[in-house]
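In the two assemblies presented below, subunit A is common to both, partnered first by subunit B and then by subunit C.
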Partner chain A sequence: MDLFIEQLMNGLAIGAIYALITSGLSLIYGILRILHVAHAGIYTIGAYVGLGVYSMTGNLLFAILASMAVCSILGILVERIVYSPLLKFPPYVPLIASIALLLGIEEVMRLIAGPQIHGFPVSLPLATIRVGNISLSSALVMVYIVSIVIFFVLWIITSKTDLGLAMRAVSQDMSIASAMGINSRQIVSLTFAIGSSIAAIAGILVGIYFNQVYPTMGAVPAYKTLALIVVGGLGSVPGAILASLLLGIAETLLIGYANIPFPRDALAFVAMILVLMIRPEGLLGNIKKKI
Partner chain B sequence: MKVVKVLLSVLVVLALFAGTALAGETIKIGVLAPLTGFAAADGESVLNSVNIAVDKINASGGVLGKKVELVVYDDRADAKEAVSLAHKLIGQDRVVAVVGGSYSMPTRAVATFFQEAQIPFVAAYAVHPDITKAGDFCFRNGFLAEVEGKAAAKVATDMLGAKRIAVLYSDIDFGRTLSKGFKEYIDTKTTGVEIVYSKAYPFKEKDYKPYLSEIKELNPDLIMVNGYYFQTGPILKQAREMGIESIILGEEGADSPKLVELAGPSAAEGFIIVTNLNRDDERPVVQEFIKEYEGRYGIAPDMVGASAYDALTIIVDAIQRAGSTDGKAIRDAIASTKDFDGLTGVIKGFNEIGEVVKPVQVQIIKFGKYRYFGVVDDPDIINP
Partner chain C sequence: MDSYIITIGIFIAINSIVVSGLNIIVGYAGQISLGHAAFFGIGAYTAAILATKAGLSFWLSLPVVIVITGTIGLLMGLPSLRVREDFLAITTIGINFIVEAFFMYVPFFGGALGIGGIPRIEFFGTPLHGFAFLVLCLVFLVIALFISWWFTKAWCGLACFTLRDDEVAASTIGVSPVKFKLLAFVIGTAMAGIGGALYAHYMRFISASDFGFPVSVMMLSMLVVGGMGTVWGPILGAAILGILPEVFRPLIDYRMLLYATLLLLVIRLQPGGILGDNGFVKSRLKAFSRGGKNEK
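What follows is the complex of A and B.
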């Protein structure tokens, strides 16, 4: 039983990490209906900026804030320069641009910081929690705390503020929202800024959790998060978070209880195929709203 | 106009002669290494080390009165890339011998081409058995995965006295063969030792907690961990974070200063590996190399670079003894290498398949650095 609980906690942490990356992507899909694959590139940049600032200043909080600022600006620029001119084309055009952008970011990071894996040596001011035989390491505790705070803030923004209302209006119909006096361009930019700054936090968190920052760290999240927003219901942030948590737990339990070296990344796609067959609108998606 | 033409052709002919004369002044040796891609840190170590070797050789007058010139190509640890570079080394650069400074997959792919071209090929540290099976022109200066597995099992049981052992290995050729050798030794050579856990993890795994939670529950005396430093580093870190206190034993894949960075200094402390570089070996060849390496590059050398250094010096030593750059003559000289004063130990020689015979080194991390812990030289383990 102890083992099961410990595995559940391990899985929940991995799920929370997926959720952090996926929630920003889902937010952006909801408002522009584009698959922002380069989101994983922003996440990579977030990790590098965080690591760079942290090694220069030794202040983690400052590193997180700097990384969030850099990634928000990059997110806005990507939307203005790359996606905005391509929105008049079929959806695969911005998708291809996005893939190219991700590959470009990976190569630029390789040229700047080198191909090696860098460690992210942070000593966390958190203690290991021990309950009986179960111990939760400080890294796990950090992931729980950070993700709960982020999801709470995200929930407040999207459902309790005027900004959230405007975002929902723009996501339902951009031209009508504009006609009602909402500055749609500004809302789109703000959405990219919020999504990208969450990606920055996710990048730093993953860097610390695995003690690894490297140019291709976004490659796996890039396609896994696409499967996750489909499973969760396209454009539904709570759905994306739920799908991520479930996937993290499922992966961990499968590794823990199956005796085959299972490539965990395949599971997301198995889940996606099942969801498309059984409930095409996704776990929490509402297909009627989108039409 | 005619005069100009004649002059031009004379110049061209002269230039051609000059070209061959210049080319004839050096002895070209090829090096394949992963300078970019996921294995770039290993490629860099290879490049740094062969550069030290070649400078040392040329400073003492080269070989057969000529300077040694290295032709280094980046194979990105990719078999397809390596094959086309091998053809380039054979056809265009006309190298007399080649150092295989890359991983098993690319090294295995190119070995047959060098065999066909009758160019002696010494794999520095790649572990796959097929490399030397390509033919009599192919040699290996590193250990076979199985040899290393058996040596690790001896260390685990004899030196560390472990009775209950967990094995966690990478689901690639290297990991499977190594853990097979490890288990074989436990099954046939020991009594009262039990393998309580054995599981493979996929090569790209980042989160080892699901495996480690299971191992923690079993509380073994020792965990045998196979993998490269970017795998064993995080395994050490996550295991210690989870409060696992078992001894952790690894192998040469973890022999890199990067391991301490990725595991963190406190989790890395006390980690033991079987490898082929002994940093505390007092022979001058070892101490001079370590000093030179740290002076030039500002980091500690590792087993990958040391193996490449040896592969190159074994070839040069063979050329010297053969007194010729003929492929067959060099091959025969490499095959008859005896008690060579190598960086990775005194190399007793190569067996008929082309496998090196030398002791396996055991190192332990003390204060963030690999130090001497022991040596395994039982003939039935190190003779493949």
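What follows is the complex of A and C.
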């Protein structure tokens, strides 16, 4: 039973990390209707910048802030330079551009930092929590705290502020939102900045949690998170977070308990195809007419 | 001829066949597919298993390969009736990952070790390799091109174009979306299957990772770079993306970066493909065809 609870907590942490990546992706899909595969590239860069700044300064908070800043600027640049001229073309055109961008980012990181796996040695100012026989490592606790804070901030931004209202207006209809006096371009850029800075945090958390930073760390999340935003309902951030948490737990329990030779990375896609066949709008989605 | 050049030629020819199949699904019928490598793989595995376990020759197994990949293509085309565009793109990515995992984890398909010892193709008793194999691939390529060309002229092709441009309008004038989308999937995936069979018999060893999602991306890239919905686009795309990595071989460490950069540049600057409607080839040629028939 103790082992089961530990597995569950690990699964929840992995799910929370997926949710951090997916929430940014879902925000961006909601506003531009683009499958931003290169989001996982931004996440990789976030992990590297965080690791680099941390090993130079030794200050984790500073590393996180620096990484968020770099990634938001990169996110805005990607939107301005690559996506915005391609919006009038069929959706596969920005998708292929995005895949090429992800490949390019992986290669640049490999050439700069080398193909090897870097560790992320951090001494966290958090204690290991013990309840009975269950112990939760400090990295695990940090993943929980950071992701709860981020989801709370994201919820405040999207549902309680004028910015959130403007984001929702732009995601419903960009031209009408512009006619109502909203600066749509600025909102799109801000959405990319917010999504990319969350991806940067996710990158650093993954680096610390698994103690691994490597060039292709974004390859599997890149496509798995696409499946997750479909399962959650395209464009629905709460749905994406729920789907991510469920997948994290399901994957961990599947590896821990079921003895079937089933690859964990395909689970997300099986879930996705089932959801599309049974409930195409996703767990919490409401985009019905687009399907 | 140099065997190095022949090998590159064989890969370009096989890729052209497979990408022509993709062109029928994506370029003609407008159904985005990012899982084409799965069908390439199904064709290759079917041919490999028939050759190694049942001892069938390439010529006898070819019809079986076509029927099997076409049937699975029909099944995999079913999601396209229910979901479209972004959803279809993600679904086909999912299908690719699941098929790859299936080959990787089911012991019958050789598991992680793949299938080895696939015999060469024999033609009246002589095993084909080198230049003769290239000729065989080119023969199949000509057939694939002919099907692509015929598709642009035949009624079923025109029906697919209508579907691609406006599905609602097409169904009001009596073009059945179900029938023609599935037809495009069956023909397109069967062509991928033929390419897969040729690949299996040429490589003589296949494993699941040869048919992973990156291969699907490469095939769609070839199609987009060459020009979607054109007969010659797939060949141009396969040739460009097949030759470039070889040209960059001296820059071995920067190869993938250059590849990614070029792909990004082409898609950013020529989103319709080099032979596409707004591509630079067409706009250059327009200068010479003043007042001529405006071909679309």
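The definition used in the following text is that the second predicted complex is superposed on the first by the 284 of 291 C-alpha atoms of A that agree within 3 Å, B and C clash if a C-alpha of one lies under 4 Å from a C-alpha of the other, contacts with A are read in each partner's own complex, and residues count from 1 in each chain.
The definition used in the following text is that a contact is a pair of C-beta atoms (placed from the backbone, for glycine too) under 8 Å apart; a residue touches a chain by one contact, two chains touch by 3 or more.
Worth saying up front: this structure is predicted, and the values here are computed from it rather than measured.
Clash-free side-by-side placement of subunit B and subunit C is the outcome of superposition onto subunit A.
Contacts of A:I273 after superposition: subunit C is touched, whereas subunit B is not reached.
In the superposition on chain A, contact is made by A:G256 with subunit B only, not with subunit C. Contacts of A:Y223 after superposition on the shared chain: subunit C is touched, whereas subunit B is not. Contacts of A:T128 after superposition: subunit B is touched, whereas subunit C is not reached.
Once the two complexes are overlaid on the shared chain, A:F210 sits against subunit B while remaining clear of subunit C.
With both structures placed on the common chain, the touch criterion links A:L234 to subunit C but leaves subunit B unconnected. Computed from Cα centres after superposition, the angle at subunit A between subunit B and subunit C reads 70 degrees (steps of 10).
In the superposed model, A:D265 makes contact with both subunit B and subunit C. Between subunit B and subunit C, the smallest C-alpha to C-alpha distance in the superposed model amounts to 8 Å.
Comparing the two complexes, residues 261-263, 265 of subunit A contact subunit B in one case and subunit C in the other.
Against subunit A, in their complex, subunit B makes its touches with residues 36-38, 40-41, 171, 199-202, 204-207, 209-211, 213-214, 216-217, 230, 233-234, 237-238, 241-243, 258, 261-264. Here subunit C touches subunit A in the complex through residues 26, 32, 34, 79, 82-87, 89-91, 93-95, 97-98, 101, 104-105, 213, 217, 220-221, 224, 253-254, 256-257, 259-261, 263-264, 267-268, 271-272, going by the rule given at the top. For subunit A in complex with subunit C, the residues that touch the partner chain are 29, 33, 35, 82, 85-86, 89-93, 95-97, 99-101, 103-104, 107-108, 111, 223, 226-227, 230, 234, 261-263, 265-266, 268-270, 272-273, 276-277, 280, 290-291. Contact residues of subunit A toward subunit B in the complex are 2-3, 6-7, 10-11, 13-14, 110, 114-119, 121, 128, 130, 135, 137-139, 210-212, 216, 220, 251-253, 255-256, 259, 261-265.
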